[in-house]
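Next up: some structures, all given as structure tokens.
First chain A sits with chain B, and in the next complex the same chain sits with chain C.
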Partner chain A sequence: MISRRHFLSIAAPALALSGYPVHGFTKEPIEGRIIVIMLQGGMDGLLAIPPVGDDNLFKQRKALVASNPLKLNPLFGIHPNFRNFSKMLKSNEASIVHATSFPYTGRSHFEGQNIAQSGSKLPFSTNTGWLGRAMDFAKITGKALSLDAPLLIRGAPEFDNFYPANIEKTRSPQTALIDLIKETHDGDVMIAIDKLSRGSMSRPSRLRARDPLSLATKAGESMRELNGPRVAVLTIPEFDDHSSIGSTTGHHPELFTLLDNVFYNLKTALKEQWDNTIVLTTTEFGRTVQENGSAGTDHGYGSVGLLAGGLINKSSVVANWPGLASKDLYEKRDLFATIDYRSVCSACIEAAFGLEHDFIIEKVFEDKKIARIYEHIFG
Partner chain B sequence: MTKIKLKITLFAILMVFGTQVQAEENVLCIQKFLTKTVFNPGPSDGAWGKKTETAINQLMSQANNFEPQNIKKSDAENICKTLSGNQGSKLNEIGQFKRFPIVITEDIGEIKSLTDFDFTNSTISTNVTYKRCVFDIIHSEGWRRASGTVGINNGILVFKNHEWYAGLASSGREHLLNEEANLKLTNTGAHGILPHLSYVAEGEVDKPVQYLILGKDYIKPPPKCYSCSPSSLEEGILGSNNYTDDYGDTYTFKISSCS
Partner chain C sequence: MYKNKHQWARKIGFGFRPDDNIPLDINAWNTDQLNNEFPSLGLNKVGLWPEKYNFSIKQRLERLDKHITYRNKVQAENIDRQEKNKRVRASKEEANVDKYDVYKLWNSAIYDNDIFKQRLLHFWTNHFTVGGSNGFRNFVIGDLIHNVIYKNLNGSFDDLLYLVTTHPGMLDYLDNQTSIGENSIEAKSRRKKGKHAGLNDNLARELLELHTVSPARKYSETDIRNTAKVLAGWGLFVGDFIELFNNHKKWKNISGNTKLEEFVLEPYIKRRAEPGKKVVMGKTFPSGPKALRKLTNMLANDDFTAQHLSKKLAIHFIGENASKDEVKIIYDTWKKSNGDLAEVHRATLKVAQATKTRKFLWPSTWMFQSIRVSGARFIKNVKSDGGFGRIQDNGRPVYEPKGILDEIGHNFWASRQPDGYSEKKLDWVSTEHLDRRIRIASRIFRAGASRSGEEIADLLDFSDRTKLAISKGRNSKEKFIIALCSSDFMEV
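Presenting the complex of A and B:
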């Protein structure tokens, strides 16, 4: 068994743990766990969870639908690479929220990722994250060992509590730099960089992409301990596929496999604590409904959220489906987001930390208009 | 007598009309409620139509764990009372989002592993017998994926202790990332589970089992080697055998330092 100190020395940039209990400040007994998997770059929700019952899907993006999606119900299917997740759906341990997004339509990675972590409507309007604030209000406190933590789990200054995460050689400097360059460019320049980076490196993504699997196991092992952390944040980058996104196979499907195995590893490592856990994905935005000229998709609006964990009682797809006809799209190009993803975040906080919805939306998100979706996910 | 008949007729008409009006009010009550949800009842006109019936049945089904409902116009009064009562706010909350139940009828199938490993029935050479050798599995870019010791009994691999490397810990300095191996040893080979794909506690065996298959490029090593350098990993005391996984990544399986 790995020690906490050892864990801290090996955790990768893609993982941050938080919420170790400090006696006298933490509610007993410890129960719910929240694990956030940040899918950076903008996951294509229509490729992951294709609305196969919507005829317009095939009219809009015939080449970008997996040939053999697993059918979930008359409207939705799931990409075949989500086998573990599909089994969780079948056993009522997972759910999907579709046509959803954080309240952001600007299509900038920087701004979108900031909003996805801060939970605010305006980018860079706060220096704390929604999960960190929720931990503070739930009195899940711990020691601050470093300031090098994702915004998501940064709380109010007096409650800063997170653990650093750093490891060598888990991400090559080249790809990190290229990702940074991509995030600062748009349009043809970004597509060109995307192509160049693919060509210049020998499948670095998949090799590196295996790392979150180890981290998921480490996170699960650590969190299953009675006094282990109650929050973990994992990052899977590289969803920004402006070219050659793939359909049945390809880059996005490979990332689906990776994400699928992260879910599997978390469940396996958490063991009995899985019953007290909710895992949710976040992404800064979805991608365009139609493919671009490079067999990829560009920055969009609505996407999908995947949730799994023992706190779920009944699997379902939650969606106020807006349709994919051109007239139904946001600015005639993006899947409309009809569900504010902060509702999903609120529900997870409610389920894992026991805070009430009205309190969460007022104190954590400072937006009383966020609807309660708890019953749809956990009911 | 005629007056009495007229009064009775008027009374009957009023009764029927009154009931009709009441019924329409109940339908209207349901429709107005539904217009504040995502279940579209059509126009709020007090008329019980297909849209209204579908919408209220969908809402109540969703509120009752997807149990099928069969609400008809004759139920409108009771439904209206429910919607106007204590459960109204709860039903309104449920009605803000649609839930689609999951009904998976297809076979999800076995999980396909990223990399297949299977030593079953692999024979190095029928003439080779060593009690103890070192083996390594190294990615073409230099990442060490596994290492350990293996015996060779008349050319058949018999794995002993071993460990797999999680993540990209390739330098050997980050020993904390080294996982306990979870190879299932058999007389004819080893069924391995890569810990970075599937965590399995020491001593346990879990599915999906992953196999390492020596590929078509497998080259049988020379039958004997009496002068092998203990550290000649590059040479490979029994030859270096390359194989390619499903994604085109090439690995080298090397055996050295036999005794």
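Presenting the complex of A and C:
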């Protein structure tokens, strides 16, 4: 990982921010929104954002490079399926962070997913998520677009989830009944039933679609509302492509298209609130640099983070590129992560919630060594 | 302690139906749960699950092969695309037997009398997760559940581990059918043609991490890779299993099990296997198909496997706050019996009977218990002539059994991650999950429940707080829903 000291020395001048402090530790009253898209299974960052300027890419990978990536700068290209995201890059509404990871090298999905959500260094060591803790400090509500409430958002003062039921001949339960059920419960179940009772997050009546694209639209719409949630969490599963991952076309590229359309739907549904929004992806790890025996890639380390939203002022590809020669790889097989992804999370919290970087790393991540890369991402 | 027999039957099973015979001697019943065969009597008293709806792995793969042959034929025909899709869909629906498998899981949970074994079946099915797919894996998942896991619940863990690891469904789910030894004949031949070939470590990694020793064992990336080398050569795509078997047989790549019924049990392709010795966690394994059994035996008998699985069993039956002492009783039994599952399961029963810890039930466990304890006819008992299909609502078919499991987020045929469903309470607590439980409870009420909310509360010794809430329900339906959605029913 790049050290805090080193990174500060190459950081651009601090962005001038104005506004009125509302809490002791916030610096301006922005009504920012954060949307996290969890890419479950481990996205292949080298297929999504190929470092086409690094000759070793083609030496290490024969098949798994798209034949026609769009060029972003001399080093990086982007898979052609990111059509909307590429437009956002052009209009200074998106940034990319490459060769990055949460501080986890174990290559287990389940430990890695836990760490990407908890933000701690040890798997299964806490019951709250980094986003939930940040929401708690900033007194912000949010919503998960899934049947369950993911760890990422737990710890928030108020969070809810949305996932429309599809059980024929049933309707939303009545408040009086829910309140009686609530009387029999304590703790977390009681709190969840209470939310159900209050319908605090405007429960929809008829909407049935619950694919990522429909959920993205729903998220954008509800976050646009006055007093709507300011945080949303979405999951796109099935990135665990050990075989036949695809290059120009194939399963991973199909997922890129889906992710790209999720970005588009969020922007479209958020309308004017897009200006106050930052969307970021997370994934538990990247994949091996070389393809395995079955035209797929196995569990690796460094990957890529995609960010979009009106809170970005100037697009950039942020990377401290470690190189792809075999000697430069982590354990001679994986892309090294030279940026701690918690730096990216911290920057997003700073941008959307107005918390100070030092406060975020100390209170949310409990690690004072996390570098500030805010200006690199947001311009 | 579980003095109330009805609560005890929920702690380790799915509860007693109103028409079940309540055992006089609960200890004898406990032992019987593991040792005896229990016919599936149920409402219509039709006896055992009809033999014609039991399908062997060979039958399943043959049905799939027939479907694919038909599909290829239809797709080559010069007809309208919609008509093609219609025919292919109908052929797949006819060929696939997962509807029977799902129905059997429901039927057994709701009507069978070996309720502890049924709960163990759900536990082990989750431990050895094989995610479903819209493709072809769903043809074989039911075989893993009903024919492999259920039939080995009283055997040794090393047998179960080997049978699951070599099951065509597991090999397909974790990509092992694509893993080719780097020095195998197949890899050499592919390289000559300029093609890439090598290992895929997906199954190897999960075999160590999830199925046996867990990361606590601190094995290395080399151990994973060498495990993948032992596994290379095992498995074929489920979709074209039969066709590939015939091809490999023709080219003499299969040694030993040249009959299909033998090969499906040990699907090993010599041509794809990695030659030479392999070292995993300090132990050397020879080349050839026998190495895998030696490897799974070593993993099954590792101390970390005993620790990992004793804890998992305790968490499942006792609750996530199971104490170290409780885990230790199961662990000691595991060690003493060398992973004899009958002994281990009996120890689990013993610990569960004495515990004060409560478990927040999985959504499906809660649902099956709700149906069973209330005596509802949510699903018809299977008739000897079939009668499968949708779940009945006042005599009309309404729900797909698999669809309902999807709605509550707990479907063993769904596409999901290999770590299976969580045992943590908080992972099942959300407004949407609770909304689903209330909706399901309201459907169960309509499905001919014979016990009222008050009767359930008395039967199960609910707290005064819950009884008071039930009494405030405005009608019998509300009272019923409050009883099933109360903390007393959700946690046992």
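Heads up, the rule we're going with is that the second predicted complex is superposed on the first by the 286 of 379 C-alpha atoms of A that agree within 3 Å, B and C clash if a C-alpha of one lies under 4 Å from a C-alpha of the other, contacts with A are read in each partner's own complex, and residues count from 1 in each chain.
Just so we're on the same page, a contact is a pair of C-beta atoms (placed from the backbone, for glycine too) under 8 Å apart; a residue touches a chain by one contact, two chains touch by 3 or more.
It should be emphasised that the depicted structure is a prediction, and the values quoted were computed from it without experimental measurement.
S.K.: One more residue to check, A:40. First (chain B), second (chain C), both or neither?
M.R.: second
S.K.: Would you sort A:342 into first (chain B), second (chain C), both or neither based on which partner it touches?
M.R.: After superposing on A, A:342 lies clear of both chain B and chain C.
S.K.: Touch test for A:373: chain B only (first), chain C only (second), both, or neither?
M.R.: first
S.K.: Once the structures are superposed on A, label A:84 by its partner contacts, choosing first (chain B), second (chain C), both or neither.
M.R.: first
S.K.: Figure out whether A:230 sits in contact with chain B (first) or chain C (second), or with both, or with neither.
M.R.: In the superposed model, A:230 contacts neither chain B nor chain C.
S.K.: According to the stated criteria, A:61 is in contact with first (chain B), second (chain C), both, or neither; which is it?
M.R.: Neither partner.
S.K.: For A:319, using the defined touch cut-off, is the partner it touches chain B, chain C, both, or neither? Pick first, second, both or neither.
M.R.: First partner only, chain B.
S.K.: A:299 in the overlay: touching chain B, chain C, both, or neither? Say first, second, both or neither.
M.R.: Only chain C is touched by A:299; chain B is not.
S.K.: Does any part of chain A touch chain B in one structure and chain C in the other, and if so which residues?
M.R.: Correct list for chain A: 167-170.
S.K.: Please give the residue numbers of chain C that touch chain A in the complex, ascending.
M.R.: The contact residues of chain C facing chain A are 174-175, 178-180, 182, 187, 196-202, 205, 209-210, 215, 221, 393, 398-399, 403-404, 407, 409, 415, 417-419, 425-436, 438-440, 442-443, 463, 465-466, 468-470, 472-474, 478, 481-482, 485-488, 490.
S.K.: Any idea which chain A residues touch chain C in the complex?
M.R.: 40-41, 62-63, 106-111, 127, 144, 146-149, 154, 160-163, 165-170, 172-173, 176-178, 180-181, 183-186, 188-189, 192-193, 195-196, 237-238, 240, 242-244, 291-296, 298-299, 331
S.K.: Chain A touches which residues of chain B in the complex?
M.R.: 38, 65-66, 93-94, 96-106, 108-109, 111-112, 114, 139, 141, 143, 166-171, 174, 176-177, 179, 195-200, 206, 247-249
S.K.: Which of the residues in chain A end up touching chain B in this complex?
M.R.: Interface residues on the chain A side: 2, 6, 9-10, 12, 70-73, 75-76, 83-84, 86-87, 89-90, 167-170, 202-203, 206-208, 210-211, 213-215, 217, 220-221, 254, 257, 261, 264-265, 268-269, 314-321, 339, 371-373, 375-376.
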